[in-house]
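Note sheet for the following structure.
Just so it is clear, A, B, C, D, E and F label the chains in written order, and each chain counts residues from 1 on its own.
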Amino acid sequence: MSAYTRYTEGLAKLEEIDGEAGRKVIDSLQAIAPDLARYVIEFPFGDIYQRPGLDLPQRELATVAALTALGHCQPQLAVHIHGALNVGCTPEQIVEVIIQMSVYAGFPAALNGMATAKAVFAERGLLPDLKSDA
Amino acid sequence: MSAYTRYTEGLAKLEEIDGEAGRKVIDSLQAIAPDLARYVIEFPFGDIYQRPGLDLPQRELATVAALTALGHCQPQLAVHIHGALNVGCTPEQIVEVIIQMSVYAGFPAALNGMATAKAVFAERGLLPDLKSDA
Amino acid sequence: MSAYTRYTEGLAKLEEIDGEAGRKVIDSLQAIAPDLARYVIEFPFGDIYQRPGLDLPQRELATVAALTALGHCQPQLAVHIHGALNVGCTPEQIVEVIIQMSVYAGFPAALNGMATAKAVFAERGLLPDLKSDA
Amino acid sequence: MSAYTRYTEGLAKLEEIDGEAGRKVIDSLQAIAPDLARYVIEFPFGDIYQRPGLDLPQRELATVAALTALGHCQPQLAVHIHGALNVGCTPEQIVEVIIQMSVYAGFPAALNGMATAKAVFAERGLLPDLKSDA
Amino acid sequence: MSAYTRYTEGLAKLEEIDGEAGRKVIDSLQAIAPDLARYVIEFPFGDIYQRPGLDLPQRELATVAALTALGHCQPQLAVHIHGALNVGCTPEQIVEVIIQMSVYAGFPAALNGMATAKAVFAERGLLPDLKSDA
Amino acid sequence: MSAYTRYTEGLAKLEEIDGEAGRKVIDSLQAIAPDLARYVIEFPFGDIYQRPGLDLPQRELATVAALTALGHCQPQLAVHIHGALNVGCTPEQIVEVIIQMSVYAGFPAALNGMATAKAVFAERGLLPDLKSDA
């Protein structure tokens, strides 16, 4: 695949998955490291998220799991919770993955991931529905 | 749920997911910390893996993602790659999740996770099939 | 032990150790993941902090050590510095544990842990006494 | 304190705490980085472990907590489990600290820490006693 | 080397490398843990940054690499990006090291490191020049 | 740049930097995840190590710093210590970077990194010279 195709298809995939949150990440890099923005488009979105073998909701749940477990990536976790919702994951699935991380990375990682999810859900007006389920 | 139920149902779930690899973990703790073995059965398997909201293959892929990203948990990653296969994940899905971790935790974490997957797949006689796909 | 007992005794232990800071953690989860709040009460506080073998000050110093070393858990470190003080640890002991982490997790982890301790001590009016000792 | 004093007192403290395991660490560095061996003696053992405010068993339990939580330091965890036993911590206290880390760093970190403890306890002939308690 | 010399030479090296940002770190510790401030001066700056074998720009680039990769040390990364610029590293070299960390610690670590670099560069009026290069 | 060029130039750069150790990594992936091998060639070596702004010895020292600090990547650290030596870094520079990591990631990370360096140096017959310097 040519670099042009990777970039173009990566940009379309970034738009499909992350929408506005993805554009903000790319824009924020233009003044300091536009090549890092290009690599974000080309490698994760132009190579990895183009691959068959897992659908986008499966990929986003794996990313939410990893970023919650790592713990030091809350801005990226917020972007990918938006992304998970954008590609069809339910709030309940995201909450389940984050709860599960208490087993593998400890309760602090799960609690901090849940605080990030709560902020994203609130921004999208999703919390009242969740609350009424509780 | 009573403690008895959590333990009994957790042990059944551990057996369902991890089979022999899970029993080895539990057995290895009996001489030094049997209560830690009990907590492994009661909390991850008696509470978390009993929850609705995600099916077992989804939960195992999230666990493979997190353990690959964390990097310092290769014995547990091996157990959960067995577990993922036991509950119906394909080798290709496991390989995809590990490849994807190169984006979020770097290439060394993905390479070490893949080495663990390779050892598990070889133990289960799965590598020739994979190779013929390559 | 029944689930009811674990929850009830865990809630009492959380109140004893973390007081207001613990209640805030539990409350913040109600709208999004009340089951995670329940697990926090049942497993760490209903199981682990109920155990003999270490007293509460010993357990809290171990927790302060771990959270300082991990580095990505400053909100939980703040809660447990409050907790350590609530169960009888002295400010000096907490400062000593955090200084010691410079050896095992590096100076940045120790410096960030100390900044969190400083904020907690200031909130509790403890800093003038410490200063006069210095 | 002069550098000579730090080195001399650090070496004595390293001997007191870690004994043979500590000497092996120092010896292993002589061919490649004798200055790193000197820093190990001077800073952790000549500065930190000389400090008042915590006694040696308290310091060793904090170190066991941190090394278990970090996860990638099993050789150093083994040295400090020896150290904890040498300065008067009981096997039960060490086991308790490692179990507690399941809450803060996840079950894999606790399980790997326990495997290291089991190897150290076995080396010191401590496992049968523990077993009979279980 | 006497403790006095280590402290005095460490303080001069801290001033040379980190200037105002270093003084703020030291000052912030006076009320709570002045000994940790002293260790920062004596060990990293009085011992390590005094060593031959690497020049200061080489040492600062190694530190920027490590702190970007670790991910949980953004305040210290900011101090050392200042330090790198103070000892003669170019903004381009710093940007290159941070981009390179996407390979070893993943894109989130690189993106968060770059956000910290952007804030430091903006504070020093360096961004317009970088932008015109892009 | 076309995908073909990235792959071809990446393979040449991997050969230049890592030689036999790099080929082993690529070969080990062929049976399970040949695409991950391709990404290793295309992204780190076809994109990042092709960039101007840092020379290869500077890039390898940054990588040695990061992998030592992360701690869970000893196989990759070994490959890159070979790589650093292959592109002209001296053993002394590598030892210095690893010693420096004791400040930022703690002594255990530095000690484990040094053990890996010692094994690589021994394999290349470099230890007697180092020893005579000590």
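In this text, a residue touches a chain if its C-beta (ideal position, glycine included) is under 8 Å from a C-beta of that chain, and two chains touch if they have at least 3 such contacts.
Please read all numbers here as calculations on a predicted model, not as lab measurements.
> What chains, if any, are shared contacts of chain B and chain E?
Joint contacts, listed by label: A, C, D, F.
> Give a one-word verdict, same or different, on whether chain C and chain F use largely identical residue numbers at their interface, taking over half shared as same.
Result for this pair: same.
> Could you report, rounded to a multiple of 5°, the rotation needed to superpose chain C's C-alpha atoms on chain D?
About 180 degrees, rounded to the nearest 5.
> Could you please state the distance in Å, as a whole number, between where the Cα atoms of chain B are centred and where those of chain D are centred?
30
> Any idea how many Å lie between the Cα centroids of chain A and chain B?
Their C-alpha centroids are separated by 23 Å.
> Spell out, as numbers or ranges, the residues of chain A touching 2 or more other chains.
35, 39, 43-44, 51, 67, 69-73, 76, 95, 99, 101-109
> Connecting every touching chain pair, does the picture come out as line, ring, star, complete or other?
Per interface graph, the chains form a complete graph.
> Sort out for me which residues of chain E touch chain C in the complex.
25, 28-36, 39-40, 43-44, 67, 70-73, 75-76
> Where on chain B does chain C make contact in their complex?
By the definition above, chain B touches chain C via 1-3, 6, 35, 39, 43, 47, 51.
> Within the complex, which stretch of chain C touches chain E?
Counting only chain C, the residues touching chain E are 70-72, 95, 98-99, 102, 106-112, 114-115, 117-118, 121, 127, 130-131, 134.
> In their complex, what parts of chain C are in touch with chain D?
Touching chain D: residues 43-44, 48, 51, 53-54, 58-59, 61-70, 73, 76, 92-93, 95-97, 99-105 of chain C.
> Mind listing the chain B positions that touch chain E in their complex?
The touching residues are 69, 101-109.
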